[in-house]
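Each chain gets a letter, A, B and C, in the order it is written, and its residues are counted from 1.
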Amino acid sequence: MNRTALLLAIVVLVAAVLGALFNWGLTPRDARDVASPLIGRTLDEWEAPLLPRYQAEWGETLRYSDLIGRPLVVNVWASWCRPACYNEAPRWKRAWDAYQDHVLIVGVNFQDTPADATSFLDRFEKKFPSVADPRGRIGIAWGVFGVPETYFIRADGTLSHKHNGEIDMVTIERQIEALLEGGG
Amino acid sequence: MPRRLLLFTLLAAGAVMAQVELSPKVFEIAARLRCPVCISETVAQSSSGTAEEMRTLIATKLAAGESQQQIFAYFQQRYGDWILLDPPRRGIYLVVWLLPGVVAAGLVLGLALLVAEWTRRGRRPIDVDEDALAALQRGMAQQERP
Amino acid sequence: MCQRRFIRPLHDPTTVVGVIDLAQLGSTAVLLAVGVTIYGLLVGVVGIAQRDGRMTASSRFASHGAFVALTLAVAVMQIALLTNDFGVSYVADTSSRFSPTWVKVVSMWAGLEGSILLWAWILAGYGSLLAGTAPNSPLRPWAVVVMSGVQLFFVGVIGLVANPFAPVLNPPFDGAGPNPLLQNHWMMAIHPVLMYLGVVGLTVPFAYAIAALITGRSGAAWMRETRTWTLTGWAFLSAAIVAGGWWSYEVLGWGGYWAWDPVENLIFLPWLTATALVHSVQVQERRRMLKGWNVFLVVLTFNLSILSTFLIRSGVLSSVHAFGDGPIGPVFLGFFLVVTVVAFGLAAWRRTSLRDQAELDSALSREGGFLLNNVLFTAMAFAVLLGTLFPLIVEALSGDKVTVGAPFFDRVSVPLWLAVLALMAIGPLLPWRKAASQTVRTNLVWLLLGGVVAGLATYLGGVRRPYPLATFTLAGVNLASLALLLVGPVRMRARATGRHVLSAAVEVVRDQRRKVGSMIVHFGVVIIAVAVAASGGYRVDTQLRLPFGEAVTFEGYQLLAREPYSESLPQRVSHGAVIDVVRDGRVLATLRPRINEFRNARQQVTTPGVLYRPFEDVYLSLSQIDPDGRWVIVRAVRSPLVTWIWVGGLVLVLGTVYALGPGPVPRR
């Protein structure tokens, strides 16, 4: 009789462990939210053409090494990234309005066409510049899993934080404050 | 870090990349990397833009003389261990490296022990009731008498 | 024909008489099925408790009734799909008025709720077939009850949780259309159906096993009664896996057929345990051993099939083939846990009835071979399960994300498969109980000869890689074994009847259906093994630019891109290239790989062009078309022997059909 009870206990235990594991597995998780190994390191250099509407003010191309030296936020976005990039865009506008004197925000338009990028920008009026990365080469060099992704870079060029997926205002503010505090 | 400095110029959208023809070696290497923007495909399998660009990048690196290890290291530094199709050989990941072999060996060993026990049982002589056997033998001897 | 569909909430008093509300009709059919199933379950249990034959007969009748009700539901869904009734939520989510007719028909299982409806319908069909044809035995009433219980879960999910017939208040003009990957190819009509016929078919042995546990009659009876069901389910599942591989090959565009993707692994698991089962039941039939192990295998097979459907449909594991997540995840998890606890708990509780006097005369015997077979398949199943779940476990414990990909699965399964191949050659030659050392030695000589010949031939043919070489060698061993298996009985028959060898052979093949059927199945496995080894080990992938009008050399062929072309169909717009594949000056085929853009879907899907040849395939997949029309970029793959995988799968199924056929009329 004891043996039966033991076996039954094992069955229930196994079921409980599996149940706990799969129940946890059911919680919504982003499969692409992988921790970046680049935190604390410098990022690859690139030079990319600016989107047409920014060329008057910023020039034809932008070189990443020119941007280092002050706290920097790089936001990777695309017009086909619905709904996340569309939800984010107003927040970036607010962030730029609030922090433009302290932090440079740059966008990277990832695997997109000029026409679609233009209509996105028309809609949201992003004042900070964006460069075009039509083949995604910058993305590969920086370890981009998808869009949107945001890099918070310190003045010395090391990566402070990488946010995968849609970002909310609180996180933007908190990370920018961290950049400014940490010897920005 | 000069080692990580990768200067390249991107032309406007629609530019033709230098490396379009890809050798089988490129696909061999790509088959050992996970496509970062896909759900569950290798860089060799995927037809996404990122996978195509990664294959082009692998071809460029091969042409520049980089070894397979260096190419894996390049992607590993940017995407983490996740991009390699095998988990690293340390810590908790050793479970998946070792456990299949341990279980297989254990099953074979267990089978050997069971089979040894069962064959021993099979060879055990049947317990005979001595009195009944003697009676049977007497009966048979009686029948044989004319 | 102009039809008006008025969809209103159920309590709306202004229903127009005469208009058929498909959503309501379908929901009613489903609820009817739920009710009938509950009735069948209850009356069956009470009938067993009170030993009332009429009540158990009524529960069998209810199985038929449930099948009728679900057939009605399926018919309603098909009508809704074919008449573009977007007032039915599933049709609005999954179908499109611009799809061709066959796509509308298969849309029924393209989406989550519809696929569960298909599962429930096939399950009801099996339940009805069981109720109608199973021989009367103490196990039958319980088997019917268990089938009804499982059925109750599935119709309950359709009726209460994921109702495909939920009404849509403002029907859109057009539905969302099925996933582009699922309307690209005719295999969508076949693979899912085969899969369900296989997996659901294995519910019947499970029902009998539970019946055996509950009644305590765990002897050989339930094995005998379920042999046909088990083999049929196994054959359908094998066919489904091979068909799925072919579908992947023709649709996914990378020239491969198996990627050790989580969904593929999960459906492979019940196949592995079912294969172990079809072998170990023979030990129970002959030697009355392994009762407990067989029950465990049957329950495990069913459990794995429920686990796999849970993981596939819930979004827990990400996969190319996954269905997407939804509210049914927790429900399926609950069912899986219930089945685990109840079935294994029953087995634990009744383990005394499963005890048997296991004994062997010798390890070197047919029984020994089957035991080793089970160990190998169990080890493989464990490794595949571990590899598939490991990323989830690691993430749950530490939050780290890690990948366990194809190299791991290849590493664990290939050596085990080689061992299986070797065993497949030796096992059938071993007699029951004990092998005489003389026969073993003679057979071994022939086997080694076959292996050496095959190995040398392939080595001299240029094969140097260890795993393909080992596979080809073992294939030679297996062919020698099959020859030996045939020669012995044929010679005996010829000598006994004094007839010519050929007619004796025909007689043996006709009479020993089980044995010949299993030989054919093993032959099919050998074909598949050889084809997989060749196509996996010697595949050549390249990417080429083909300028229009210029031939480009690829692996001994010339690829000549002639011109671009476009297709514009209601459901898709495609751009492709017409490419000739030339060898020795002769055009072998004109392939038309294309890139498809479907309505309502951003994702582009490629359709490759495949030239099937006996010894290798030439596989072309378009990557890019020059906007100025001067060139195309294609991925070109040369895969040796791939066609033989599909041929081997067919041989395997035919062998099973033959083995299940009617036996010879006994001669007196």
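Keep this in mind: contacts are C-beta pairs under 8 Å (C-beta built on N, C-alpha and C of every residue); 3 or more make two chains touch, one makes a residue touch a chain.
Owing to the predicted nature of the structure, the values given are computational and were not obtained by experimental measurement.
Engineer: More C-beta contacts across A-C or across B-C?
Structural biologist: Of A-C and B-C, it is B-C that has more C-beta pairs in contact.
Engineer: Among the chains, which is located farthest from subunit A on the basis of C-alpha centroids?
Structural biologist: When every chain centre is compared against subunit A, the largest gap points to C.
Engineer: Once you find the CA centre of subunit A and the CA centre of subunit B, what distance in Å lies between them?
Structural biologist: Subunit A and subunit B have C-alpha centres separated by 33 Å.
Engineer: Could you grab the centroid distance between subunit A and subunit C? Build each centroid from C-alpha atoms only and quote it in angstrom.
Structural biologist: Computed from C-alpha means, the inter-chain centre distance equals 41 Å.
Engineer: Per the centroid of Cα atoms for each chain, what is the distance between subunit B and subunit C, given in Å?
Structural biologist: 22
Engineer: Using the touch definition from the top, which residues of subunit B touch two or more other chains?
Structural biologist: Only 14, 39, 80, 82 qualify.
Engineer: Would you please write down the residue numbers of subunit A that are in contact with two or more other chains?
Structural biologist: 31, 34-35 - these are the residues of subunit A that touch more than one other chain.
Engineer: Listing for subunit C: what residues touch at least two other chains?
Structural biologist: Answer for subunit C, listing residues that touch two or more other chains: 318, 401.
Engineer: Can you check the complex and tell me which residues of subunit A touch subunit C?
Structural biologist: So the residues of subunit A touching subunit C come out as 4, 7-8, 10-12, 14-15, 18-19, 21-26, 28-29, 31, 33-35, 80.
Engineer: So in the complex, the part of subunit A that touches subunit B is made up of which residues?
Structural biologist: For subunit A paired with subunit B, touching residues are 31-32, 34-38, 42, 44-49, 61, 111, 113-114, 132-146.
Engineer: Can you name the residues of subunit C that touch subunit B in the complex?
Structural biologist: Those in contact with subunit B are residues 252-254, 256, 259, 261-262, 318-320, 322, 357-363, 368, 371-372, 375, 378-379, 382-383, 386-387, 390, 394, 397-398, 401-408, 412, 416, 540-545, 606, 621, 623, 627, 633.
Engineer: In their shared complex, at which residues does subunit B touch subunit A?
Structural biologist: It comes out as residues 1, 4-14, 17, 36-37, 39, 49-50, 53-54, 57, 76-80, 82.
Engineer: Can you tell me which positions in subunit B touch subunit C when the two form their complex?
Structural biologist: Interface residues on subunit B, with respect to subunit C: 14, 20-24, 26-28, 31-32, 34, 38-42, 44-47, 52, 55, 80-88, 92-93, 95-96, 99-101, 103-104, 107-108, 111, 114-115, 118-119, 121-123.
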